[in-house]
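Each of the next two complexes has chain A plus one more chain, namely chain B in the first and chain C in the second.
Now for the complex of A and B:
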């Protein structure tokens, strides 16, 4: 902006400060930007590059096959089935996890001593790693030693006892139930945060107007929480599209692909079948799906916002 | 809007208040049981002898407490995993805090041309599924000679944590009063001194939030650790479970002792820092 002749005419101290101000943003942003470029942006682009190759990862380089992998993906029933499972997982997260989380948050939204202890207990599943949760529920759902089947047998409900993770019909449902178990506390906390910002005067005013708790909830609290609910729904759908850990630990996507999601399919393709090229195609497609749905969701919620 | 002025209680049909409240309480009680039973199962079973797990009902209390599985697991090398976890997560958190605080200061307070688009781009990085970075990072790690070392995890851990951390800290720093900055400027402070003497110290609670939110996530991180390391001596705690799974395939109590031991550090941390952890989780999730 200032020409060099003027800045040269400035006293040394001021010039130094001028230079500092000019280069400060570069200095402060450099570490983060460098790390994001190296470990996020470069891998993202490299993945798209790899998706155009046929490569088992052993040779020096893969063979360039153009869009072959992408054409294969379009006809790959396993991939579409996996995507369907991801979407089902997202739908169940929104329809099951969010209502349970909301009920818990409403109940805990009073600063009594009992609710503080309950908050701690409800929170616990969030502290376990997915591997730990997976290992625990593999034992719980075990057809021979697991407490679920043992309980059903003890109650004389032998017909209801199943091979929960080993049977094609039940594997996905079982895994989704465990995912709910682990993630409900997360949304409970989110809703508690939303409820905490609820102005108490509004509650008082409504009570003076002889509004019932149900009316207060549906007519006042729900509209107030709308933003939080939208955020929660977005987070759970996006999270469901890139889900990996628990499913990999519990079923590995099986039996017979019945609980396969995009991430487990991608992992198997790369690290079990050594198809780095095609695995990268699945990963890239996953990125496109997430970006598309996230972008669509954000536009949708923005439209909602302008209406309210 | 109008509903508030026209008394909502009368304008809409009443649902029985008692009905709703007891329904919520019923659900909450059921969920409490659903939450706690698996955890009790883990602790009780891990204290049973192997014979007892086969010859008594699974939900029975241990006849006598048997610590032998814990002893075996502790001697079986789990402490190496613990050491690696502490090292990798500790170093990653320090780097995350330094890099994200610097970036957040620039984005919150410095004026430069690409401030807004850069902030938008960094925030957008939050939706990138880490799985797309997995194969290239695996190849990169191998060519850098870092494969199967704890250092392999630090780059990906820091980078994938940066977007949400920068987002939280930028929002936080925007709320630090401008007057403090002006006063420091009058004292002759440049942007570096202002960052170091004003913004960094005042961001304590924001930094704690970022540390806790990422700390929980990285402590339990599985896929990078699984792909980028292979030997027992270089793996982190979530992988301890994975590795022991083969070793203790038929020894259920030992396996559940590993679950208890690997989960204990976070539960103890949670018992001490409950409020902060919940606040951290909240702030981290408010990224819509």
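Now for the complex of A and C:
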């Protein structure tokens, strides 16, 4: 009798455990999935929904205008100009930030002693709030009181002293330079981590074979870091497409719209012009652009990886 | 809508906190059974204290009511109040600049019409200078009570520099251009201007339009009255005069990138690198606080007249800077109106006067000489032009500021700017 009850009990217990094992992930994932749906998917869908309305964002709901906002966006020169600025920012980030970050990382990786202080020093810009950085650089770039123009004048280079933020020819470039200054440390850390995983035996073997430092860098370290570099490039392009804070503080997208990016244009549209519907269209378009470029970039990366 | 349910969901923890707070605080405010929320932008120590004390007096007279106040910085306030109205959770009493943005909330059916209250309370209404309610009116109804100040745009200048270069405050446009010439020749920038924020540059344009075409030209264009147009020759001419100033080198270097909020324009004045600045009359008090020594050299004059212009005395500014209104969401509008009355009572008005701010109250005794001069300017003027970006609907106000910055950058012609504004106005205003 006892044996039969045991033989019966076992499968039940196993089934129960089986059941628990099957449902456990659901229970564990449920809170995060719920949060994701609530704070990621819902606002996303909602902003697409809002992009179909003409609405100032107040009181009663807006008027459904279908694709009117999207048609307007296609003809909006300000938006295309802003997108162009975003792409230029992305390009400059990759071309300027990554090489500098790489150079710093290699230098710090080599200088083992005392490099901790340098590491902290180089890392500092990333720790400052963007608003503070913006205000400080507004003062540094001030054409009347800023040290940059003062320095240029002192060196007799009067022709080079410019109206860095007030002249539409230089505003975007000035802002991009500050953005690079602020973000280089992030990529430097990324590359340092990559270099740390570089096996020392490889380096030793190469030196024994009398490889020059340049050869070691180009033929051994670079291939080793390829994945990290690709990740860094992706991050910097995506980050550039969504860029907002420093530009908002330093120029507000001006002067004369010259440093406008998609995010500053969206902010102005929603909060200064009271056009929630159209602002949502800009936001949704931003989402599409970022997704498209990120998707394309990831495909490209994957192809690279399979080829290598 | 869906977003409303979402909002309720998000508010639940907040409500729970509120409940906990209420239970804990209950013994302290045993009698306070009703609360009134109030938002304003008086964050500076003295102005903030004046509002707080008025509210304390109100609470003392109405022991059943507790006022929950939030004083918020100027620019964040604009965003915060907009989101609050968008979520249909505005405070009971809120402050605004009247004009276009307030009208947006009014048209959305979210602001209480104060006309019946004012009609009932004749004595209260009669205290105010009649025109002071103008910018808070929509379709003949009044939605706000002027409370904080009267601000006029004037040109501040460094008297020491002027004396040294034997300059007189210019009264006409040619005299102004002459002064610009003299200052430049002596290595001094004529005007300090911080136009990153765009509204300081707009001040020149508004005065030029007012001097050239009179106050009616803007009013008619904004109201879409017969013959009214933003492409009116007065607007084009104003753009030309503005660019004439830019080309004459009247502005210190960097003007389109300098930030008013971090004091970039005032720094030019203090260092003697620039001689003048066109700014609201609050600037006098700001400079006095920031740089008392320099403030002794400071004086002001009215914007010069233009040859053939229709107006020589009109002023740009606002009578009743900051209006207090009641939202429709407020469940005790009568109490809220009494709260507003307390915030503009005689004690508050006198305290503001002592703080160099003139509430537009009839028969106010102004003794400070500069304040008296400002009041005389106001009395001489037939009209007060509110800032365009506050008078117009927000979308047009923003376009106006963008276009003026472009005029300053010489990247748009006066004709193009006027035409763009008119095209947008046609589409936006009905």
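Assume the second predicted complex is superposed on the first by the 282 of 308 C-alpha atoms of A that agree within 3 Å, B and C clash if a C-alpha of one lies under 4 Å from a C-alpha of the other, contacts with A are read in each partner's own complex, and residues count from 1 in each chain.
We adopt the following convention: a residue touches a chain if its C-beta (ideal position, glycine included) is under 8 Å from a C-beta of that chain, and two chains touch if they have at least 3 such contacts.
Please read these numbers as outputs of a predicted model, since none were measured by experiment.
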Which of chain B and chain C A:276 touches, first, second, both or neither: both
Which of chain B and chain C A:75 touches, first, second, both or neither: neither
First, second, both or neither for A:145, with chain B first and chain C second: both
First (chain B), second (chain C), both or neither touched by A:46: both
Chain B versus chain C as contact partner of A:110, first or second or both or neither: neither
Residue contacts with chain A in the superposition, chain B compared against chain C: B
Touched partner set for A:132, first chain B, second chain C, both or neither: first
Set of chain A residues, in rising order, touched by both chain B and chain C: 38, 42, 46, 57, 135, 139, 145, 271, 276
Touching residues (chain side chain A, partner chain B) in the complex: 17, 20-21, 24-25, 27-29, 31-33, 35-36, 38-40, 42-44, 46-47, 50, 57, 100, 103-104, 106-107, 118-132, 135-137, 139-140, 145-147, 150-151, 154, 181, 184-186, 189-190, 192-193, 206, 209-215, 217-220, 227, 230-231, 234-235, 238, 241-242, 244-245, 248-249, 262-263, 266-267, 270-271, 276, 279-280, 283-284, 286-287, 290-291, 294, 301
Interfacial residue positions of chain C with respect to chain A in the complex: 1-3, 6, 78-79, 82, 85-86, 88, 101, 104-105, 108-110, 195-198, 252-259, 262, 264, 267-268, 271, 273, 393-395, 397-399, 402, 405-406, 408-409, 411
Chain C contact footprint on chain A (complex, rising order): 38, 42, 46, 56-61, 135, 138-139, 141-145, 163-168, 171, 251-252, 254-257, 268, 271-276
In the complex with chain A, residue positions of chain B that touch it: 3, 7-10, 12, 14-17, 20-21, 24-25, 27-28, 31-32, 34-36, 38-39, 41-42, 45, 53-54, 57-59, 98-100, 102-103, 105-107, 110, 112, 115, 118, 122, 125, 127-137, 139-140, 155-156, 158-160, 162-163, 166, 190-192, 195, 216, 219-220, 222-223, 227, 237-239, 241-242, 245, 252, 255-256, 258-259, 262-263, 266-267, 270-271, 274, 278, 281-282, 285-288
